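Input: a single structure, listed below in structure tokens.
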Amino acid sequence: MKRILIQLDSDSLPSTFDRVVAVDAGADELFSYGGIAPQNAEPLIHGGMFTRKPSDLKNTAVFIGGSNVAAGEAILTKVLKTFFGPVRLSVMMDSNGSNTTAAATVVAISRHLPLAEVDAVILGGTGPVGLRAAQILASQGAKIRLGSRTLDKAAAACEHLSKLVDTSCITPCETTSPAGFDAACQGANVLIAAGAAGVQLIAAAQWQAMSSLKVAVDLNAVPPAGIEGVDMLDKAKERSGVTCYGAIGVGGTKMKIHTAAIQQLFESNDKVLDTAAIFAIGQSIG
Amino acid sequence: MKRILIQLDSDSLPSTFDRVVAVDAGADELFSYGGIAPQNAEPLIHGGMFTRKPSDLKNTAVFIGGSNVAAGEAILTKVLKTFFGPVRLSVMMDSNGSNTTAAATVVAISRHLPLAEVDAVILGGTGPVGLRAAQILASQGAKIRLGSRTLDKAAAACEHLSKLVDTSCITPCETTSPAGFDAACQGANVLIAAGAAGVQLIAAAQWQAMSSLKVAVDLNAVPPAGIEGVDMLDKAKERSGVTCYGAIGVGGTKMKIHTAAIQQLFESNDKVLDTAAIFAIGQSIG
Amino acid sequence: MKRILIQLDSDSLPSTFDRVVAVDAGADELFSYGGIAPQNAEPLIHGGMFTRKPSDLKNTAVFIGGSNVAAGEAILTKVLKTFFGPVRLSVMMDSNGSNTTAAATVVAISRHLPLAEVDAVILGGTGPVGLRAAQILASQGAKIRLGSRTLDKAAAACEHLSKLVDTSCITPCETTSPAGFDAACQGANVLIAAGAAGVQLIAAAQWQAMSSLKVAVDLNAVPPAGIEGVDMLDKAKERSGVTCYGAIGVGGTKMKIHTAAIQQLFESNDKVLDTAAIFAIGQSIG
């Protein structure tokens, strides 16, 4: 029986990136749809639920993607509501690569520090990847300083996360004022830059002055780097005594996690591969 | 040579239901198109006609679907006009599952009564499935009472059917007035409910009072049932002395017919799998 | 590793013709997109570039098609700009079959005359196929009379071609006036009709009076023929002492070239199969 992956993409043209990874992960047939929103997803899911015997449903799965992460979350919510009882399909959500990137980031950090000892400052922490990295780190007992332009935005992001994870270990921070920025970074042993593409978030002199810093991860793939002095290709590269990763350096692990997640979709018909589940896959890969 | 199925769907997103069945029936490649109307179907058919040698054309076929049955019929008409001489492709039309559902309904009835002895009342008889069930039953020598809200609508439906089959055995009936309803049901040995989803068409007391009734088929898959007291899962289930079928009980046969029809498309390049042809497939499956 | 072809089509529904040929040429997976323009092509190309290792990129390729040849050219330009260094994919452009048809036309002529001795009049020479046939013939040392309704249009087409090939051997001609028409044809040994579908460009008496004429190719597949008296099915058919080809007669070679070109896409990741490269493939097939 052929493994069918139903790709629901919130962009008008379904991502070729996600399609190639799906093919290489072993999906036999891709049903790729663009322009998907919660209101048009239901019949597509019904068609997957009602065509094969319950014992065969593990061979039909759903992938939710697209550049708009909030749109992907809304589709996932709708898809999960469409299932009933055992008549369901495994689903993975990775809009804009947010879950696989956040998982790969934390996996990279875990190679150098026990996660329970991590005290991380996340710059651009309220974006999709920053939020997810914070969620994963919090679930592993780490401390997190969630940085944003305003304290209100940072606090709202923490409030959002509190529905998913114990956020007592997350401190919202504003990083616009020099004093706020310094306070956010002071004493952190991990630095993550998860801001918009092509925006520098911290100067070389600033992070080199953080005496406690052990690991720095820059997720920006468009020059200039978010963390000045970190190269896109850095992969556990030692710089000024700090272990550095760039976007491409993290990308290999991200791709392995994405591929393994697609493969897990076809092991049973009840997987929900969200942020936490995708990180668990990342941990098993190492 | 790979078996290619060109899926022309009148809905904007081509049905995943039809795609999964096509894959499981052995189509190697699906070219799935949404938003199809007669005016944009022609170049898609030409591309199928002019790419392989005549002797190989049986490996390229066309499936017409979508939720709008009239739209599917218009596409089928256009597709058949596009062919010329032996340069043609096999085609199946099953918009909204109307042909396979009607065929499966009559196949179910035929397990319990010789079709020539059937005297069926069809409630909601002017919808796509009701019309097609009437057409198939008429072709097999049964008597049919075609029920609708008004006599005019029922008569218009009979007029439409008269282009496809001898309708001398079909009586149009209005089923809105209590007297009309009773007259339509009086003496029938088969009851088919083919109305809109989630609308009850006959109460339990009413059909249980039909002393001649032998078989009842409810095609409604959304509660409440069209025939009160019949369960969606009923499959030749005895209830008050009547053999009952629900939508899912008929669904297994419907799926087998759909699958077999897709497979037949690839046996030659000149099949036209419309209502009659799809019922013939249903009969051969039994 | 599966061979993936990303089909970028400028029409809203991607061509089934190009899809069937791609399947039969051995592409394992087709990612077919309609409604493509330069502005939405980039992320689709990025997804192809960044998902497989450089050494595996030869298994991902791009086909550009659609009925609008200028739109296809603009997409090709954008796609080539999107690549950088060795991170690239092989690409073929054949909007409206223009490159494969022009190549097949010249291959057909070369069976009967050395190309360096060809002196061809191209009627409808400013359309996509006429232009490309002129380009190919010029590259092989032939003389060309490029016919158009006005001399200005013909001259503008030559100017366009001068960016691609040495056009000193191409003479722009107006073919509207009887005198212009006669001058354009006088002494030519090859006649190509590459005008709009269903429009006769030259009467039988006119070409039969061309005493120098050896080969006539009519590329019009919709009656009436562009060259009166040539049949669509003609394939090296002798008529009044002239070797004649019709659209379908050239079509077999066109199809072989198209198929071989798709196969070459997957031999390395750096092919650009444009007019010249597609003709080279045609020559190797013969």
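For clarity, chains are labelled A, B and C in written order, and residue numbers in each chain start from 1.
Following the convention adopted for this analysis, contacts are C-beta pairs under 8 Å (C-beta built on N, C-alpha and C of every residue); 3 or more make two chains touch, one makes a residue touch a chain.
All values derive from a computational prediction rather than experimental measurement.
To fit its Cα atoms onto chain B, chain A must turn through 120 degrees, a value rounded to the nearest 5.
At the interface between chain B and chain C, under half of the residue numbers appear on both sides, which makes the contact a different-residue one. Measuring from the averaged C-alpha position of chain B to that of chain C gives a distance of 46 Å.
The multi-chain contact residues of chain C, meaning those touching 2 or more other chains, do not exist; every residue touches at most one other chain. On the chain A side of its complex with chain B, the touching residues are 1-2, 4, 6, 29, 31, 33, 35, 40, 43-48, 50-52, 60.
Put simply, chain A touches chain C in their complex at residues 12-13, 15-21, 23-24, 30, 32, 255.
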